[in-house]
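Listed after this line are the structures, all set down as structure tokens.
Next come two complexes built around chain A: one with chain B, the other with chain C.
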Partner chain A sequence: MVNPLDFTGKQILITGAAIGIGKETAVLLDKLGAKVILIDKNENGLKEITSCLESNGHHWFRHDLSDVDGILPKIKEIISICGALDGFVHCVGIRCRRPLSMITPVVLNEVISLNFGSFVELIRCITKKDHFNKGLSIVGISSVSSQIGSAGVTAYAASKAAMDGAVRCMAKELAPKSIRLNTVAPGQINTPAYADLLKINEGTEDATLSRQYLGLGEPIDVASVIAFLLSDSSRFITGSSIPVDGGFLSS
Partner chain B sequence: MTNEEKIRLIEDAFELKENSLNQETPLDDIPGYGSMAKLTLIVLCDDEFGKKLTGEQIKAFKTIKDVIDFMG
Partner chain C sequence: MINPMELTGKQILVAGATSETGQSIIDQLINLGARVVMTDNTEEKPVVLQKILDNKNAVFYAFDIYNNSEIEPNFKRITDKHGVFNGFVYCAGIGGVRPLAQTKYSFTSEMMNANLYSFVEMVRCITRKKSFSQGGSIVAISSVSSIKGLKSKTAYCASKAAIDASVRCMAAELSERKIRVNSILKGWVESDMKNEFIKSNMELNGDDDLRRQILGIIDSAEIANTVAFLLSDATKSITGTSLLLDGGYTL
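Up next is the complex of A and B:
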């Protein structure tokens, strides 16, 4: 029987891998046969997640991706140790909630740089010759915030919309190299970041969930779509943002 | 930072006229005191005082004095 999500022999790089959707994606891809390379600034989290994986041969690298200038040397180091990549999943990001009056240039740069700048720089470095295998698939974690306005998330929403816009352009530019790029746009997902949000602003998130009529999503719901987009089953999908939102955008 | 300075910070964050608030002002009497104003308080406490304010703590605040006491 053919398994369309068989990742045996595939090597996938995941950023923001110590927690939430990144962690769930690592666990799922390991079960599907992939070798995962995990990046996060949280070394203890990386050790913990690696110890939970079923198979051997995975790698982890501690790196703070807000250091965008340090990405090229880090990718070169990773490729020299692990070899060329078959997939890349960008899960790192900060969920900034601030009124417009408190989004200073420093805050805005911090959010855009980590959520969007590191995404583009990682793709620039990964798509250099000898850094990837034919059929490379790239998936970024966007958000429904990139398409629906909400008060207090200007910087975050803009960073996610920037990812979506860049993916449409890079998909065209990189298609001749047989590279595909997409984003997934989760709604509210039951992650530690969501738990933090509930602590801060009780009530508001319930209002969001009333539009998300399939209820609160789980990290595996997003990880499953990421796995599909990494696989050859999605070989005719590129330059897209796929909602994983329990119906939020249709409501 | 004195209590008066903290009150000026809150007035500025809420875009209110100077001296429009005092320690006894009930938060519910502040024009437009809603979810965005509460988010403003959360960010203000974090940025200026390094203190994390939760939704439950905000719910318990009754007056400006409660806020400035939290600021420390």
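Up next is the complex of A and C:
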């Protein structure tokens, strides 16, 4: 039988790989034959995940991506150790729910810098000569918040909309190098971040779930779409954002 | 290695089987282990399809798929014989280019009939409780014409936008049975280039239109992969969506 999601011989870099969607993506890509390179600031988490992977030859690097200036030397180090990349998945990001009155410039910059600034800087460094193989595919984790407003989510939504806007431009600019870029737009997914939200809401389900009529998504649902976008099966999809939202955006 | 797009054990109905896109879709669905029941409005079958029918897990029904009074009895005949379906693909429909001055009611009506009415009637008939499984998936082939404006394509663009709108509503309504409904917004496809419709469209809108598709012309095999992906359990959290498969055309 054909396997359109066979990643044998492919090397994929994943940021925010110690938890949630990043972790699930690492586990799935390993099962699909890829070599994964994991970045996170949580060293213990990285060690734990790497020990769970089925095959050998994976790498992990501890790095805090809020240090944007440190990205170029880190990518150079990674490429010199692991070789050129076939894919990059940006899962790192912080959620931020606070009223506008509390979104000071410092808070705004913190959210935008980590969710969006590090994304562009990583792509700038990865798409340098000899850092990637032909057919490089890049996937960013955006959010339904990029397109739909909700109270208290200003900084987070702006950072995700910035990703989608940048992806459309970079997709055009990098197409001559055979590089594709897309985002996925998850709705509410059953991750530790969602569990934290439930705690804040004292156990009440998030209001967005009432319009997400297939119910709460699982991390594997998002990881599967990321794998599709990384694979050659999506060779003609670039500059787009795929909702993994159980119907939320269309309702 | 796992195969998230595997379709073994799934029975899929494909309407519009004899088109090049239809043939590519059927070929890939069978490669992924599905059983395919196909239908179109002609007994004449292309060589590729005949080969699949001779050797594989497939069966063909010919009837006038654009005659709405024929859909219900023929679908009943099909489901009586083949039981429960897990997927339905609508890759039938027609194209047509006419300046507004010549876009008479009869022309628009014929376009809406083939592209929308037949689709809705088929979904209505195939999703009867005993004919379609819980967790099943429906995919319609739409077009970037749904969201872009081009000269002389008023009727065609309207019919594709109508498909996408119907998909969003069906997704909401059928979500109770965990049935997912999505469409694919395709750009210029290789096989379309042979059609008179495309040639006359090119004359009207110029080559520029083709150059906007920065990744080149889409091979119908790419559409097949995306259809298979949406039919598979890898997209369990995607419904009500119109996925762009346009090589960057809309950027």
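Please note the rule applied: the second predicted complex is superposed on the first by the 246 of 251 C-alpha atoms of A that agree within 3 Å, B and C clash if a C-alpha of one lies under 4 Å from a C-alpha of the other, contacts with A are read in each partner's own complex, and residues count from 1 in each chain.
As a working rule, a contact is a pair of C-beta atoms (placed from the backbone, for glycine too) under 8 Å apart; a residue touches a chain by one contact, two chains touch by 3 or more.
Small disclaimer: the values here were computed from a predicted structure and weren't measured.
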Exercise for the section: With the two complexes superposed on chain A, say which partner A:F236 touches: chain B (first), chain C (second), both, or neither. Expected result: second
Exercise for the section: With the two complexes superposed on chain A, say which partner A:H131 touches: chain B (first), chain C (second), both, or neither. Expected result: neither
Practice task
For A:R95, select first, second, both or neither according to whether it touches chain B, chain C, the two together, or no partner.
Solution key: neither
Handout entry: Broader residue contact with chain A after superposition on the shared chain, chain B or chain C
Key = C
Exercise for the section: Check the residue A:R62 against both partner chains and state whether it touches chain B (first), chain C (second), both, or neither. Expected result: neither
Exercise for the section: Go through the superposed model and pick first if A:K41 touches only chain B, second if only chain C, both, or neither. Expected result: neither
Problem - Touching partner for A:K74 - first (chain B), second (chain C), both, neither - result: neither
Handout entry: Touched partner set for A:L198, first chain B, second chain C, both or neither
Key = first
Completion exercise
Given the complex, residues on chain A that touch chain B span 97-99, 101-102, 151-152, 198-204
Practice task
Using the touch rule from the top, collect the residues of chain B that touch chain A in their complex.
Solution key: 13, 15, 35-36, 38-40, 42-44, 47, 53-56, 59
Exercise for the section: Note which residues of chain A are touching chain C in the complex, please. Expected result: 1-6, 8, 28, 31-33, 168, 171-172, 175, 180, 186-187, 213-214, 217-218, 221-222, 224-225, 227-228, 233-240, 242-247, 249-251
Fill in the blank from the handout: So, in the complex, the side of chain C touching chain A is made of residues 1-6, 8, 28, 31-33, 167-168, 171-172, 175, 178, 180, 187, 214-215, 218-219, 222, 225-226, 228-229, 234-241, 243-248, 250-251
